Each structure stands twice: as structure tokens, then as C-alpha cells.
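These are the structures in question, set out in turn.
Two complexes, one shared chain (chain A), two partners (chain B, chain C).
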Partner chain A sequence: MRKLVRKTLVALSSLCIAAGALAQAPAKEIRVLLANHPYGDLLKAAIPEFEGATGIKVNAESLQEGQLTTKLTTEFATNSSSVDVFMTRPLQEGKMFYKNGWYEPLAAYDFSDYPKNVMSVATFGARTYIVPLVTEWQVLYYRKDLLAGAGLKIPASFDELEAAAKKLNSDSVAGFASRGKGAAAVTQLSSYVYNYGGLYLDKGVAVFDSKPAVDAIRFYGKMLGNYGPKGVTSMSWENIMPLFQAGKVALWTDASVFYGQIIDPAKTQVSVDKVGIANFPAGPKTNSPFIVTSWGMAVAKQSKKKDLALKFIDWATSKQLAAKGMQANITMARSSVWEDKAILARINPGLVETRAFAAKNGYPLDRPYMSAVGEARDLIGELVIDSINTKGVSPNLEKMAKERVEKVNELLQDTGEYGK
Partner chain B sequence: MIQSSFTERNLQLLFPLPAIVFVAMLMVFPVLYTSYLSFTNWNLTSGAEPTFVGLRSYARVLSEPRFLHALARTFAFTLFAVVIEGFLGVAAALILNRAFAGKSVAKLLLLLPLVATPIAVGIVFNLFFDPTIGLANFVLQAFGLPPGLWISSENSVIPSLILVDVWQWTPMITLIVLAGLAGLSEEPVEAARIDGASEWQILRLVTIPMVMPVILTALILRLIDALKTFDIIFAMTGGGPGYASETLNIMGFKYSFEYFRMGQSAVILVVLFVVVFGCSLGIMKLRASSEV
Partner chain C sequence: MNRKIVSSALFYLAVAAIVLVVLFPFLWMLASSFKTQVDIISWPPKIFFSPTLQNYRKVFGEQDFLKYFLNSTIVGASAVGLSLVLGLPAAYSIARFRQRKLAVFILLARLMPGISFLMPWYIVFSRLDLMDSYTALILSHILIALPIVVWIMSTYFSTIPPEMEESAMVDGATRQYAFWAIILPLSGPGIITATTLSFIFSWNNFMFSQVLSMEKTKTLPIAVYNFLSYAEVDWGGVMAAAVAIMAPAIVLTMIFQKYVVKGLTMGAVKG
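== the complex of A and B ==
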């Protein structure tokens, strides 16, 4: 029996040694978390080039954006992360990640190729933590054939948008679509709010109960309630895009990032020459659609291989790869790629024109920029749903907006961001 | 020799030890830790270290109308789903327990939903229920019925989710009850038949009572699972439209990973744990009394 115990002990200890050896995997190896985003896909395909050139092995994982945040949060909050580099959404999680100390400051990175307004969401205090990757702005997608058939021109104002939606709306085609699913709608509603002259937050205080903001929410609800697809209050872009691709939507306001997919002949039943992209229409007050840094890349503070991580981030955000992204109709954040005529000649002119407009006139946020943004979006989303359900004439909207503003201000106070 | 006698004397402790360690680490510890978290104000959006706040998180969450709605919805969803699944499942088992042509094919078809992954089921049913391009409305209209909004309307979202749950989980009840029926002895049934009982009387007074403990077992398993349903609802509606299909589990998830209020999320999950635990105890008692 004693022999058996001894043998077992020997076997166990040798197992432990073997496991220890396995845990100390090759030193030149990093773990990278990417988003299921066209640029994430592009990087994943290009990683072998990086591995070949540097000898660093890259373990890349791709996750849907919500799950990416969940995974990063879980790993970082429990101090158990082995992530070295990750894609991140500055407006959604930037403030929270910074506050919890999950981003490594990027002191040595050369940020000279990025516009100032883009850098504003990558910088906290005096330091920069995020390399901006992709920008998006709001546009109007439209069906050229349907507009021409009805003798309409491309809507350039909210009044024209409403008139066109009304005329094009039928049993088989929704005149107008935009996200109606509560929290998901908040980003797309933002340009409507701005063009009515409102804001979500003004200097760290919630102000979306102002008359212009409530008017914008009413207009959004009226448009979707009257001319939107059936069941729009449960629709985000992933539900609207298939409808547009199936020819069931005439006008659609959403982010520029989807243009590549709706003009991809493999994915759409509507022939490409019938699909147009235009500037977001002007509101009663102004025309200032959102133009935001939707994705960036960062090094994890908990990373034990920061030198390798920095090498990877230099490569993954390089000008060469940005140029490659542009060719795939991914709208990159670097300035230089938008000045390079050879690159511009190869990407879709509709994207170039709408970006130029948004870059000149747009607003750099598409949601309340705060740590508790998830909850704030749900609160504003309640207004959107009420407005859509009542086709914009809800008698309670002002009161509801006031209550939601109070709640968002409470969140700002709880997180020490009120009035800042 | 001392060592070997120690091992031999304590075999009854040593052999279950791995299982005890496993349960302690993966079940008892998470429950205790979640309970501990529910007494803190851990909130990642503030970036501050968690502090002990006693029952304050409970007071805040339990007084929220959204929480009470989610609690009521969790019960409503579970009750309707399990009752319908119970009836259909037992009926299907009784039918499949008889000999008829094509029985094995019918059995196979019936069991298919059970092996499908819930997330995949959710995605497919999402397309199926789409009010504009979905098959469900296409079928309704083919029969001259008005189209529905299914999961896109606050009024029909819970019934639609129950429908999916019933589709997927009725076969589980059938399977368990079928196993129970196969194990019954034929004698009481034959005795009843000789005594002149009708088929309906045999079913009601002999077969069902004999198989009742098995039915109750199946219902307990289903009940616990239905109370905790997450995947199908998450994949199909994420709790929407608005909060119209938000159950406790979905709300707990949103509080953790969208609001990052970890302490308050723990409160929701502790309540869910108590609910599931209470319901299981209740039914187990019921089952014990039915066996007597």
C-alpha cells in the first residue's frame, strides 16, 4: 500500500511539472481579442504576415462586440486576464475601462496622423490610451429606383424625408427605417437630436428633456411609427439590413459602416445600381450628423508582454493596413489615407463625399459619453419606444424625458462625472 | 502499515472526496460569493473598490418596479411553459407508448428539437417570427389569417417565447415519461381490464397514478430549467421590446454586463436562486406525499 501511495505521489508530481512546463508556453506569444468587425476580419487574415516578420505567435480570438466587452470586463475585473491587445469601443467602454485602470498608456506611439477630434475620445487626462481605428458617421441609404419612380429627389431635409417616406410607404415596402430597439436606437437618434438643436449631455449634465431633443424624439417616433417596418421597436441594424437587402425598405438612416455590405452583390437582392448613399438630411436647426471613432485598439494594463503587445499594435494600426482597410470600404481613422488620391480613387465616392461633409459639420459623439452609458442608453431607449408606439404623439413624453434625465444625472453623480 | 490502514479505514471518505471538492468549488463557492457580493456596492462604472453596504442594494433593487415585473414575468413564463409542456409531453408519451405504424419515425422527429442548441434555435425562430419576411406570418396569411407581430410586440412576446420553449422542451418530458411507462408492470392494467374498466378509466385511474412520480420528476427538472431560462430569450429578444420579455436571469445579466452594477446584479441572482430553490423544495415535498 505504501508503495502505491509513493507511486501515486511520483506520478502526480511529474504531472505537475509537465503542466508547469506547458503553462510557460513560448515566450514570444501574445493573445489578441478582436471584434467581429470588417477590420477585425482583415487583421485576422493578415496576422500570418506579422508572425512571419517578427516570430511572435499571435493567438487571435474574434467576438461579437457585446460579448467582447463582457469577456474583457470579466477577465480584467477578476484580475485573471491573459489578454495583451484588444479592440475597444472608446465611446461605449472607454471611460469605464480607463477608470478601472485596464488600459495601458501609449506614450511612445506616434499619433500625429490622427485628427484632433478623433483623439479627444482616446485621451484621458494628459495621456493617450487608445489608438483610433475606424470612424463612422450617419448617412441616408436610399433606393434610387423607388425615388425616381415616385418623381422624388434625394431628401435633404427632415421635411423632405417625411414627404418621401410617406409617398414610398406601401404594404410591401416600408417608406423609412432606422433602429427602433431601445438602447440600440440611441446612437442613430443622436443625429436627429443634434439637427433639432438638442444634445444628450451638455458639459456632463443630461439635457435630453430640452424642447429640441424631445421634438427630435417625437419626429423619430412619428417616422418609424407611421412608415417604419412592422415590429421596428425590436429592430437594430442586424434586423433592418436584411430587410433593405430584400428590397423591403425605401429609405434607411444608419451608420456608414454598412455601405460595403448593402452594395455587396453576394448579399443583396437589390441590384447595386439601385442603392444610393447620401448625406444625412438637415433638421430644423442645423445639419450636424454624428461622426465618431467607433473602434480603437489598446494594450491591456495587465499584459505581461507589453513590448510584444506594442509591436503588434504598431503593426495592426499601421498606415499600410489602414490603406488595405480603405480598399475594403472600411472607413479608417487615420487622416493620411483620406488625403491619398491613389487610395481615394479605389474606394466608393459616396463614402468619400459623405465623410467630407460629416468631418466638416458633424458632432464627435453618438451617445451620452459617460461610464454608465449602457444604462443611460436603456433609459433614453424607453423614450424612443414610447414615441414609436404612439407615432410621435405620446402625451407623456415630456414627463418621461424629465424623469429619465434625472436618472441619468444620478448615474453621472454616482460615477463622479456630473458637470464635468 | 499505519498509512495503509488509514486509507482503508477512511475509504468511504476518500472516494467521494473529489466529488465533494468539485461541488464545493463550482457550486457552493459561487453561491456564497454571489451572496457576499449582494451586500456590497460593487459598481465597475465608478471605478471604486467595492464596499460593504448591508441590505442597501436589496432595498434598492427589490423596490424597483422593473424588478417586480421581471419577477412576475419569470413566474408567468415558467408556469405557462411547464404546464403546457407537461400536458403535451405526457400525451405524446402515452401515444408513443402504443404500437402503431411509423412509431420509430415519429419518435425520432419528436426528439429532434431536444438536440438543437438553444442559441441556434433562437436565431432560427427570430427569422421565423420576423413580421415582414418571416415564415410564421407567411403561413398565417396563406390560411387567410391576419399576420402577427410575434416577438416584436410587447403583448405577444412572452407567448411567442413560450411557444419556442414548448417546441424545444416538450420532448424532454415525453422522453422521461416514456421511460417511466416502459417500466410499469402490465398486471394492474390487465386486472382492471378484466374487471371491465374502460380504456379511459384505465388511463385515468391506473396508468397515470402509477407513472405520476415520474411525471413529477420530469416537471421538477423542467420547472427548475424554465425558471432559469436564459439562452433562448437572450438570443431572440435580449429582454425586449423595451423590457417586455425581461426575466430575472436576463435582468441579472444586463445589470452585470451592460450596467456593470455587480452588487445589484448579485441581489437579482440571489433572489432567483431562492426562487428556484424554494420551488424545487416545494415540488419535492409534493412528490414525496404522492409516493406515499
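== the complex of A and C ==
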């Protein structure tokens, strides 16, 4: 019996060693993790060109964003990652990745082609770690036919938005929609908070219990509670976009990234000429919708082939590829592609106009920008749900906001980010 | 007579209602997998629509699901096979020698959240250069399959009277031979149950494959996520992929259903 055990062990371990030997990688090879994102797809298709020009073999893998974060976190945390370059979400994971030392600083990269407010989330201290890829901003999508039918113009302020939503709301069509599902709603609520004059965090301190912020949450709750689709507190974009595409929503505020899908005849029931895009309406205080870097690219600190990785990131974030991305309707972060007449001629004017407005007036964050962003979003999400459920008149909202602010401040203190 | 008709009518009505509730999500998925994106989101839902094979073309053409099928099959079959090799003798030993603590210990592996194994595994496998290898995935999936095999089979073995192998041993057989020649042939239904269940659990496992596999060894549950893009969900693709993934599990269960129920309830009374 003991002999058998020994034999099995020997056989198993030799199997492991054999498999290990087979997996040895050649020297000029890098591993790249991409997101399931149109730009990731575009890169994947273009990689053979890079391989041909440089002789570097690229092992690219695409993952859904949640999976991507899980995988990167596991690999980096165990300090045995073989990832060289990866796509990353600066606002969602940037701060945590930076604090853990998972990004390689990009000293030699030329960042002059990127807007200042975009760079603010790619830079920590004096160094830059992330190359911004894609930006998105908040807009108002509307049904041209419904507005015209009711004799309304495009809402340009919150008051007009409310009046229009009230008039357009019926049993078959929701007057207004925006994300209502707790944490998912936090990003779309942000522009409302800014336009009321509030913020989530101010210099590392949670301040969303301020009067403007609470007023904004009340307004958001009133709009969705009165004119939103049924069950809106469990709806994120996955649920609202199909409703809009099915003609069940008249006004919808969300990120610009969805425009392509709601004007694609293969995906929507509402004919394209009935759908419009407009600037996010102004609030009582200002009009400063979010414009955020939703995706960036970075080199892994643990990479053993940084020279090759840097070569790849230079190519993958180049102006040529950015121009290609624009042609594929991806709203790239580089400034120059938004100034190139030849490129702009092929892009929907609605996108160009709303981007110009947001780039000029917008705010570069759409969520509490901190390491524990997930927990903070959950906490703010509870306020959103309470506000929607009470149609914005919850008597407890101030108290709840105060409690949530304290909790978020504790989270900030735990990670040493409080007051910074 | 009349009452009999009424009561059986009520019975079948109740059956139909339950079946409808249980099958509804599945039917919805099946129908959606043949719809275009526009038909899927349309409201009210379209019951009559012109079916398209576009989604299945995406699943097996653009996405190469056959490869993922093969990966899932290799991993599941190997893990279950190895679990049977290790688990059947273990279960026999637990049943005959009343090694209760051992049994609980094996169950513990199943009770612990799988994620607690992942970090150590990742370190070990990446140091051994076994990332993205079938070896790593199979070894991890044994953790899923082995406890099921051991637990189902140990109750099953305990229902077989010990006199069976004792009489063989009286005639000069070793215990090992008696196990091989007498007990195993009697355990068909139990083995089928354990195999089916553990294979399905391995087939459906998401977490281990997510971290330990990459492009080469990607398994089916991970591949479904290929249809979820940033800010975009290809519902038709997801539905078609889900149908394709569920099909083998459903076929397997239908074929072996009789044995599964038998194997699970065997020994239930004896305890």
C-alpha cells in the first residue's frame, strides 16, 4: 500500500513538472489583460500589426470588467502575477491599485495630448500611472416625438426637466428614468449633486450630508418616485436602456456611452429619428455634469518585461489607434482627436456638442473617489433608495445622510485617506 | 365518478401550474435565444416572432464555444474520474470502519467558502508554472467532486450488507478484491448518482476557473461573460450560450434521473 502511495506521488509530481516545463514562455512575449470593451476589441484585432512591427508576441485576454478586477487583484495580491499591461478603471479601482503599489509610474510617456481634468485621476503625487483611454459624460436622452407632441422644448434646467417629466408621464410611458438601484445610481446621481452645488467628497472628507447634496438626493428621489418606471429601485442601465429602446421612457439621464446603442436600428424599436441627445440640464446652482475617464491602461509594477510593456502601451494608446477608436464610436480621451475635422465629420454631432460642453464645464469624478469606493457607493445608494421610495420627502433623509457621512469618513480614516 | 374526474382534473391543473412556474424561466431563455435584440427587449413580449439562428452562430462561430465545451468536459470528466478513483475506496472505508470524523473532515472542504482556497492555489500554481493548465483546473475541481463522491457513496456502501464481502473473504479473497469484485458491481446506481452530480457541480463552477484559467483553458461559465461588454449586454448571445451550457446537464440528468433519485434516497431510512 505504501509503495502505491509513493508511486502515485512520484507520478503526480512528475506530471506537474512536465506540465510546468511545457508552459515556459519565450523571452519576447508579454501578457495583456483587456476588458470586454469596444476599445479592447479594437486592440485585439490590431495586435498582429504590433507583433509584426516589433517581433513581440502579445498574449491578450479579454475579460468582463468585474472579472478583470477580480483577476488582477488576485494576481497582484499574491505577488506572483505574470500580467505586463492591463486595462483599468481609474475611478473604481485606481486609488486602491495605486496604494497597493500595483501601477508602474509612467515617467517617459507624453501626456500633453490629454485634458487637465482627465489627467487628475491618472496622477498620484507627482507621478502619472495611468494612460487615459476613454471618457464619458452625463447627458440627457430624450424622445423627440414625445416632446414635440406635448409642445415642449428640450429641458435645459431641473425645473423644466420636472415639468416635462410630469407632462409626458403616462401609464404606458415613464416620464423620466435614471438609475435607481442603490450603488449603481451613485454615478448618475453625481451630476445632480454637483448642479445643486454639492459634492460627495471634499478634500478627502465626506460632505454629502450638506444641504445642496441632500436637496439633490431629494430631487432625484422625487423625479424617479413620481415619474420613474415601476421598480426603478432595482434598475441599473441594463434595465433602463431596454425600456428606452422599447419606447417606454421619455427622458433618460445617463452616461454618453449608451448613445450608440439607442440609435442602432438593430437594437432599438424606437426609430432613430425620434431619439435625441442633449446637454445635462442645469441645476439651481450651476451646470457641471461629470466627465470621467472610465477606462485607462497601465503597466504592472510586477511586470518583469517593462521595456516591452512600455512599448506596447505606447502603441496601444497612440493617436492613430485613438482615431480608429473614434471611428468606431468610442469617445476617446485624447484631445487632438476631438479637434481633427476629418474625424469629427464622421461622428454624431450630438456627441461632439455634449462632449464640448462637458469638457469645458464638467467635473472629473462621478463617485466618491477613494479606495473603499464600493462600500461608499453602497452607503450613498441607501439614501437614493430611501429618497425614491418616499418620492423625495423622506423625513429621515438628513439624519440618514449624516450617519452615512460618518461611516464614509471612517472608511477614509481606515485607509489613511481622510482629509487628503 | 364525477368527483373522481373533478379531483383528477384539479390534480393535473395543479401539476400544470407548477410546471409552468418552474419551466417559465427556461422557456423564456429558450425563446429569447432565437430572438433578435429588438425582439428580446420589445414590450409586450413577442410570443410569435420570426426565429433567428444569429445568436447560436455567434456562440459557435465568433466565440468558439466548442473549445470551451471541450475544456469544461476535459476538466469535469478528469476531476470526476480522479475523484471516483480516490473517493470510492475512501467511502468504502468510511462506511465499513465507521470513520465518521474523516467523513466530516472531507465535508468540511465543501463547507469552506471556495474563495479561501484560491489565493494559496494561485501562489502554488503560478510558482509551478501551472497557470492556464488543465492540471491546475482538474486538481481544483477535485475539491468540488470528491466530497460529493465520498458522501453519496459512503451512505450507499453502508446499505450493502457486510456479509456480502465477508463471504468472499471466507473463500480467500482479500478485502481489496472483495471490494473490487463484489461491492463495486453492486453499486451502479450510487456511482451514477455521484458521477452525475459531481460532474454537474464541476460543469457549473465559476470561481475556480475564473482565477485559474486563462484563454487556453477557459471553461463555459466564464465564457458566457464574453457576451457582457462594458455598458452593453448581448442578451441574445447570453441566452444562446446559457441554453448551450445547460443542454448537456439537462440531457445527463434526464438519462440518469432514475438512478439519481434511487442513489440519493438509498440508505435514507437506515440513516
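By our rule, the second predicted complex is superposed on the first by the 399 of 420 C-alpha atoms of A that agree within 3 Å, B and C clash if a C-alpha of one lies under 4 Å from a C-alpha of the other, contacts with A are read in each partner's own complex, and residues count from 1 in each chain.
Operating definition for what follows: a residue touches a chain if its C-beta (ideal position, glycine included) is under 8 Å from a C-beta of that chain, and two chains touch if they have at least 3 such contacts.
Owing to the predicted nature of the structure, the values given are computational and were not obtained by experimental measurement.
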First (chain B), second (chain C), both or neither touched by A:P242: both
Contacts of A:D378 with chain B and chain C, given as first, second, both or neither: first
Chain B versus chain C as contact partner of A:G182, first or second or both or neither: first
Contacts of A:A342 with chain B and chain C, given as first, second, both or neither: neither
Touching partner for A:A77 - first (chain B), second (chain C), both, neither: both
Touched partner set for A:Q261, first chain B, second chain C, both or neither: second
Partner chain(s) touched by A:Q269 [first = chain B, second = chain C, both, neither]: second
Common interface positions of chain A, toward chain B and toward chain C: 70, 77, 242-243, 246, 248
Chain B residues within the chain A interface of the complex: 3-4, 7-8, 43-47, 130-133, 147, 149-153, 157, 237, 240-242, 254, 257-262
List of chain A residues in touch with chain B within their complex: 1-2, 5, 66, 69-70, 73, 77, 96, 99-101, 174, 181-183, 229-235, 239, 242-243, 246, 248, 371-372, 374-375, 378, 381-382, 385, 411, 414-416
Chain A partner contacts - residues on chain C that touch it in the complex: 36-38, 40-43, 118-119, 122-123, 126-133, 135, 210-211, 214-215, 222, 225-226, 228-233
Interfacial residue positions of chain A with respect to chain C in the complex: 15-16, 19-21, 23-24, 35-38, 59, 61-65, 67, 70-71, 74-75, 77-78, 80-82, 237-238, 242-243, 245-246, 248, 255, 257-258, 261, 266-269, 294-295
